[in-house]
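Two complexes come next, and they have one chain in common, chain A, joined by chain B in the first and chain C in the second.
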Partner chain A sequence: MTSSVLAALQKRFNYDSRSAVILLAPVLIVLAAVTIYPIFYSFYTSLFDINLTRPHRRPFVGFGNYLQLFDDARFWVAVSRTTVYTVVTVTATAVLALGVALFLNEAFRGRRFLAAMLLVPWATPSIVNGLMWKWIYDPTYGSLNGLLTQLGLIDSYQIWLGDPSKTIYLIAQAAVWKQMPLAAILLLVTMKSIPEDLYRAAKVDGANVFQRFFHITLPALKPGFMLVFVYETMISIRHFDLFAIMTQGGPGDASFTISWQIYIETFRSLKFGTGSALAFILALATFLLSYLFIRMLGQRGADR
Partner chain B sequence: MTTTAERPSPVAVTPAIEAHRARARRRPLLPAIGRRALLFCMSVLFLFYVIGPVYWVFASSVQSEADLVSVPPNWIPKDVTLQNFEGIFFYDDRAVTYENRRVGDPATGAFIPSAAQNLLPSLYNSLYVGTWVAILNIVLSITAAYAIARIHFRGRRQTLYLILVTRVIPDIALVVPLFLVMRNFLGIINTKEALITTYLAVTVPFTVFILINYFESIPADLDRAARVDGCSHLQVLYHVFLPIGMPAVVASLMFAFLTSWNEFVLALMMTSTIDSQTLPIVISGFVFDFTTSFSLINAAGVVAIMPPVLLAILFERYIVGGLTAGAVKG
Partner chain C sequence: MRSSPFSRLSRRGLLKGTAATGALGAIGSLPFGMAFGQSGQPLNFAAWAAAVDQVRAHLTAFEGETGVTVNYEQSPPANFRQTLVTKFVGGAPLDVLWVNDAWLPEFAEAGWIVPIDEYPNLMAYNAEVDQYCTESMTYNGRQYGLVYYADFMAFLYNADILEQAGIAAPPTTWDEVVEQSLIIKEKGLAEYPLLLSLEADAWLIEFVSTLVFAFGGRFVDAEGNAVVQDPEGGAVAAMKWVQAAIHDHKIVSPGAVSTQEIACLKAFGAGQHAFGVIPRYRIRPLNNPAESQVPGKVRMALMPKGGTGEHNTCGWVRFYGMTPEAKADPAKAENVVKFIEWFGGRSNGEYTFQKMLMLDIGVPFCTTPLDSDPDIIAFYNEYLGGTETVSRQGALAIKKDTVTPWFGEWNEINNQAWQKGFLRQVSAEDAMAETGREWDRLKRSY
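This part shows the complex of A and B:
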C-alpha cells in the first residue's frame, strides 16, 4: 500500500518539489517544535489569567491581560526604561562603529591585528561581559573609580551602578562594548565595497574630506546601517543577560525593562498569562521596528 | 590587485613603487600631515577600550583577594598567583573540611567556595552542548539553505520568511512553552539534549540566512552542469556546494558553538541540575553569591572567556566573511 501511495505522490509532485520537501523537513520539524508551537502556545496562554499560586482556576480573559498591563504603572516604567536603553545602545553602537570602521579602513601597520582584536568583545559571553563591567564599576574596589581618581577626574570614589540616574547608561555602555564590533565589521565591509573611482572623481571636483564623507561614504553605507539598526535593535530591545547579572532590575526600578518584567511576572509572581502577554507585546514591537528600518533604509531589503 | 600590471609603466616597477602605489590606491580620509601620530593615538585608544576590560579580568584573576581590593588598584599584578584557578580545577584538594575550616578566610581569598566544584562539570557540559549544536546546526541548515537557494519550488520565499521571522520572538517568551514541550512531550527536561534542541532554534535561522547568501554567489551553471550529469540534489549539495561553501560552513560552525557557549536565559530556565548546567549558569551563581571573592569570580570569567575568544581569533577570516556575507548585497 505504501508503494502505491509513493507512486501517487511521485506522479503528483516532480523531483524538485519532493527534494525540497525532504531537504527542508528536518529544519521545519525542529523549528515547529521549538519555536512555532511555543509561539502559538504562548499567545494562547496570554489570553488566560494563569497564576500558579492558584493552579486550578485559570479563567479565559481574552485580551484582559493586555488591558491590565496598559493600566499598570510599572509597565510604562518598563517601556520607558527599555526605550531609553535601546535608543542609547543602538545610537552609541552605530556612531562608535562608524568611527571604528573609518579608522580601520585606513591603511596602516597593525591594522590587521587591531581588526582581529575587534572580535574579542564580540566573542565574550554576555555573562562574563556583565561580571566584568560590574567589577569595573564596583564602588569600593572598581578600576573605573581607581582610574578616574588617578587621572584626577573625580575627587572621591563614586557609586556607579547603584546610582539610579546612571544605571541604565552604564549597562548600555557594557552592551555597546560587546555589540560595537559586529556593527563595525558590517560597516567596514560595506565601506570596502564603495568603488574607488567615486572618491577620485570627487577629489578631482575639489571635494574636501568632509564633503567626500557626507556625500559618498555615508549614503553608500545605507545597507550596512540597515543591518546594524535592525540587528542591534532586535538585540537591545529584549536584552536580558546584563540586567540579570548586573542589577536585577534595580536599584529601585532604574533598570526595570520589559524583558526583566517578563521574568518577574513569569518566574517570581508565577503569572504566566501576564508574562506571555508582555512577551507578545515585545515581539510585536521588535517586528514593527525591524520592518520600519528595512523599509526606510533597505533598497532591495524588503525581500530579505 | 592587478591594476598596475595592466597599465604600461615607463619605469620598472620596484617593490617600493608598488608599495607606494598600494598606499596611494587606498583613499586617505585623514590629511597626510600628522596622520601617523593620529593613527597611533587612535590605535592606543582603540586597544584600551576593546582589550582593556578583558585585560583587567585576566589581571584580577591572578591576584589574591588582598591585592585586588587595594586602593588604587594594582594595574599590573604584584604577586601573580594561580590559587584561584587551583580552586576551580583542583577543587578536591582545596575543599573545606572540618579540620581545615579555619585555614581559609573569605577576606583573604584563600577560601574556595563549594560552588567552585561545579565549574569543571559545567565546562564539560558547555563543550558537549556547543559541539553538538555546531554539528546538528550545520547538518540541518545546509540542506534547507540549499533547497531555498537552488531548488525552484513554490513558496520558497515564504519558507525563508517563516524561518527568519522566528527570531523576532524574544527567547524569554519561549521559556515557558519550551519547558512544557521538553518535559511533557520529549521528557528531556534538565538534560543536555534539551539545551541542544533549544539552541538549534536560535542558531538555525541565522545559519540558513548566512548559507543562502553564500550559495547565491555560487554560479548557477555549476550545479546545473552537475544536475545534467545526473547528480541528485543531495549529491550536488555534497560534491559541489559543500566544498565551495566551506568558508561559510566553518563560519556557521563557529557561530553556532559561540552562541551555544554564551547563551544564558534559556539555560537558566531549562536546567537545574549540575549534570546539565552550562558555564554561564554556574558563573552567574558565583556573581549572585556575595561571599564569593572577586578574584575567584574573575578566574571563572577567564575560564569562560578563553575558548570563545581563542576560537574567534583563530577563525577570524571565516567569521568575518560569514557574518558579512549578506552585508554588501544589502
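This part shows the complex of A and C:
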C-alpha cells in the first residue's frame, strides 16, 4: 500500500518537487496549526453571539457582530484613537530614526559603542518600558515633574497621563522611545548600501549637502522606509501592552484603542463573538495598510 | 497544468493528522476525567493571591483535622474572574472557590456555582453574621456561600493634619469636607486634601457606589430599572460634587483618574492627604509604623452625607462557593462542606480563620460574635481608636445594587462614563444618562 502510494507520487512529481514538499511539510503543518486554523476559527467565532458567562446559548448572528460594532460609537472612538496613535508613533519613529541613522552614518570616535547603546531601549521588555514611563509620568512622585520643577520650567506638579488631551501622545512617546532604535538600525543598514560613487559624482556636479540628501540618500532609503513603515504600522496599530500598563484605556476614553477594546470585549466582558469580530477588523486593517505601503514604496523603488 | 503538490498533501494529511491528534488527546484525557469524578480525591480550591500565609496555615490545620487533601491554586487578583470562567468553560477540575459578590448572578445563572442552603450546618452561621453579608451571597432567594471576608469603604482622616489646621472634628457632610479641605489647603498642609482613587480598575464601582449611596442615590430601583440618570438623584449630585472638588475647589487631584487604589494607599500613608475614601481593611497598614509614615494618626469617621444621604457606604463580601461537580459527588460534597465551614464558619468551635485574618493583616469579617472578642477590641483600639465608628458604619453599609448577570459588561461602560464625567469631558447628567442607557439596554438583552 505504502509502496504504491510512493510510486504514484514519484510518477506524478519530479525529485525537486518531492524534496520541496517533504522539507517544507513540517513548517506548513505547524503554520497551519498555529496560524491558519486560528485565523479561520476566529472568523467563524465572529459569526456567533458568544458570551462565556452565558454558556447555554450561542446563536449564529452572521455579520451581526460586525454591524453592531459599526453602529457603536465606542468603536469609532477606538478607531480614532488608534489612528492618531499609529500616525504619531510611526511618523515620529521614522523621522527620529532617520536623524539617528544619519548621525550614526558619520565617522566619529565611539560610533560603534553608541550604536550598540542605542539598542538598549529596543531590548527593554515592553512591560518594563510601560512601568518605567508610568512612574516617570506619575503626578505625585514622577521624575518628569521633579526634573521640570528643578529646572524651573513648571511651578507645580503637572498631571500627565491623567490629562486626556496629553494621554495618547505620552503613550506614543513611550512607544517611540522603544521602537525607534530598531528603525534607526534598519535605515542605517540601508544607508550603508548606498554606493559612495553617487555622492562623489554629485559633489563633482556641485550638489550641496541638502541636494545630496534629497536626491541621493532619501530616494535610496525607500526600501528601508518601506520596512520601517510596514513593521512600525503593524506594531503600533496592534499595540496593547503600553495601554494596559499605563492607562487601562483611560482616563475616560482617552486611550481607548481597538486593541484595548478587543481585550475588554474578549477578556473582561467575555464576549468572544464581538472580540473576534474586532480582531478580524484589526487584522484586515493591518494587512491593507501593510499592502499599501509595500505597493507605494516597493513599486517606486522597483521603478527607480 | 500540474496541480500543486501541497494541495493533496494538505487536505488528506492534515485531516488524518488532526483526527489522529484528536483521538490521542481524547484517549489521553480519559483517565484524568475519570479520576476527578471519583470521591476521595483531593479538593481543588481556587483563590486569588491574597492572605496566602494565613490560608496555608489554616489549610494545613484542615488537612490534619479531616485527612482531606486540598490543591490550593492561586491566581492574580486582577485576572481571577477570567481565570475562573476559562476553568468553568474548559471543564477544569474545581470544587471550591472564592467568589466576589459582583460575580454571583452571572456564575449562578451559568450554573458554575450551586446553592449551599441545603446544608443546615452551614446555614446555621447566618444567625451570627451581619445581614448585608448574607444578602450579598443570596441570589434569587438562594444562598451560595459562607463569607471569606466582608468590608466597606471607609472615610479616613489624618488626625495630625486636622489638628494642625485647627479643626476640632472630622467632617460629617460633603459640604464640610470642602470647607475643611479649603482650610487645610490654605494653610499649606496638603495640596490636595481629599484623596480619591478614580482609576478605572476593579475598585471604581465600590468608590462610585459609596459616593452615590452617601448622596442618598441608587443606580437602580427596586424593579432593577436604571435610576442613576435621574437629574435630581444622588448619582448626578455625587458626580457634580466630585467635578467641583477636582475642577473648582481643587481639593482633589485631577490625577485621581489615573491613580490606582494601591498608589492612593501609599500617598495617604506618606501623609500627603487629610481625608481619603479607602477600604476599611487598609486601616492596619496605614497605622502600622513599619508600613506608614503616619502611624497612629489615621482615624475613621462616618462617611460624610450629602443631599438626602445618611452616612451610607458601599459594603461588599467575598465568599466560599461550591461547584456543581463537587455537589454531584456526595463524598466530595461532604468534604467541600467541611472545608467551607472550616474557613467560613467555626473551626474546632472557634472563628479562628476570621480572627487570624483580622489580627494578622486587618482583613475584616462579618461574624458578629467576634465584635466582643477581647483581641479584636484591642486591635480596633490600637488601629482605629475604638470600635464605635466601625460598628455604626458597618450597620450603614449597603451592598452594590448593580450586581446582576450583566454587571461585568455594564461596568466597563459605567467606569468610562464616570471617568469622562470626572474630567468634565461630559456633564454629570450626560455621563449618568450614558451609564443608565447601557444598563437598560443590557437588561433588555438578558
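We adopt the following convention: the second predicted complex is superposed on the first by the 298 of 304 C-alpha atoms of A that agree within 3 Å, B and C clash if a C-alpha of one lies under 4 Å from a C-alpha of the other, contacts with A are read in each partner's own complex, and residues count from 1 in each chain.
Here, a contact is a pair of C-beta atoms (placed from the backbone, for glycine too) under 8 Å apart; a residue touches a chain by one contact, two chains touch by 3 or more.
Model, not experiment: these values are computed from the prediction.
Engineer: Output check: A:Thr286 vs chain B and chain C. Expected answer is one of first, second, both, neither. What do you get?
Structural biologist: So A:Thr286 only meets chain B here.
Engineer: Quick one: classify A:Thr257 as touching chain B (first), chain C (second), both or neither.
Structural biologist: So A:Thr257 meets neither chain B nor chain C here.
Engineer: Is A:Arg54 in contact with chain B, with chain C, with both, or with neither (first, second, both, neither)?
Structural biologist: Once the two structures are laid over each other on A, A:Arg54 reaches chain C alone.
Engineer: Between chain C and chain B, which one touches more residues of chain A when both complexes sit on the common chain A?
Structural biologist: On the superposition, B touches more of the residues of chain A.
Engineer: Touch test for A:Gly110: chain B only (first), chain C only (second), both, or neither?
Structural biologist: It touches chain B, and chain C stays clear.
Engineer: So, does A:Lys271 touch the first partner chain B, the second partner chain C, both, or neither?
Structural biologist: second
Engineer: For A:Thr93, using the defined touch cut-off, is the partner it touches chain B, chain C, both, or neither? Pick first, second, both or neither.
Structural biologist: Touch partners of A:Thr93: none, neither chain B nor chain C.
Engineer: Once the structures are superposed on A, label A:Asn65 by its partner contacts, choosing first (chain B), second (chain C), both or neither.
Structural biologist: neither
Engineer: Could you tell me if A:Val27 is touching chain B, chain C, both of them or neither one (first, second, both, neither)?
Structural biologist: In the superposition, A:Val27 touches chain B alone.
Engineer: Can A:Thr45 be said to touch chain B (first), chain C (second), both, or neither?
Structural biologist: Touch partner of A:Thr45: chain B, not chain C.
Engineer: Chain A residues touched by both chain B and chain C?
Structural biologist: Residues common to the chain A contacts of chain C and of chain B are 17, 20-21, 24, 28, 138, 140, 267, listed in rising order.
Engineer: Please give the residue numbers of chain A that touch chain B in the complex, ascending.
Structural biologist: Spelled out, the residues of chain A in touch with chain B are 16-17, 19-21, 23-24, 26-28, 30-31, 33-39, 41-42, 45, 100, 102-103, 105-108, 110, 114-128, 130-136, 138, 140-141, 143, 146-147, 149-150, 157, 177, 181-182, 185-186, 189-190, 193, 196, 199, 209, 212-213, 217, 222-224, 226-227, 234, 238, 240-241, 244-245, 259, 262-263, 266-267, 272, 275-276, 279-280, 282-283, 286-287, 290, 298-301, 303-304.
Engineer: For a test of understanding, state which residues of chain A touch chain C in their complex under the given definition.
Structural biologist: 12-13, 17-18, 20-21, 24-25, 28-29, 32, 51-56, 74, 138-140, 156, 159, 161-164, 247-253, 256, 264, 267-271
Engineer: Which of the residues in chain C come into contact with chain A in the complex?
Structural biologist: On the chain C side, the touching residues are 5-6, 9-10, 13-14, 17, 82, 85-86, 88-89, 106-107, 109-111, 191, 199-201, 253-259, 263, 267, 272, 405, 408-409, 412-413, 415-416, 419-420, 422-423, 425.
Engineer: How about chain B: which of its residues touch chain A in the complex?
Structural biologist: The contact residues of chain B facing chain A are 22-23, 25-31, 36, 39, 42-43, 46-47, 49-51, 53-54, 56-57, 60, 68-69, 71-73, 75, 139-141, 143-144, 146-148, 151-154, 156-157, 159, 162-163, 165-178, 180-181, 185, 197-198, 200-201, 204-205, 208, 232-234, 237, 258, 261-262, 264-265, 268-269, 279-280, 283-284, 286-287, 294, 297-298, 301, 304-305, 308-309, 311-313, 316, 319-320, 323-324, 326-330.
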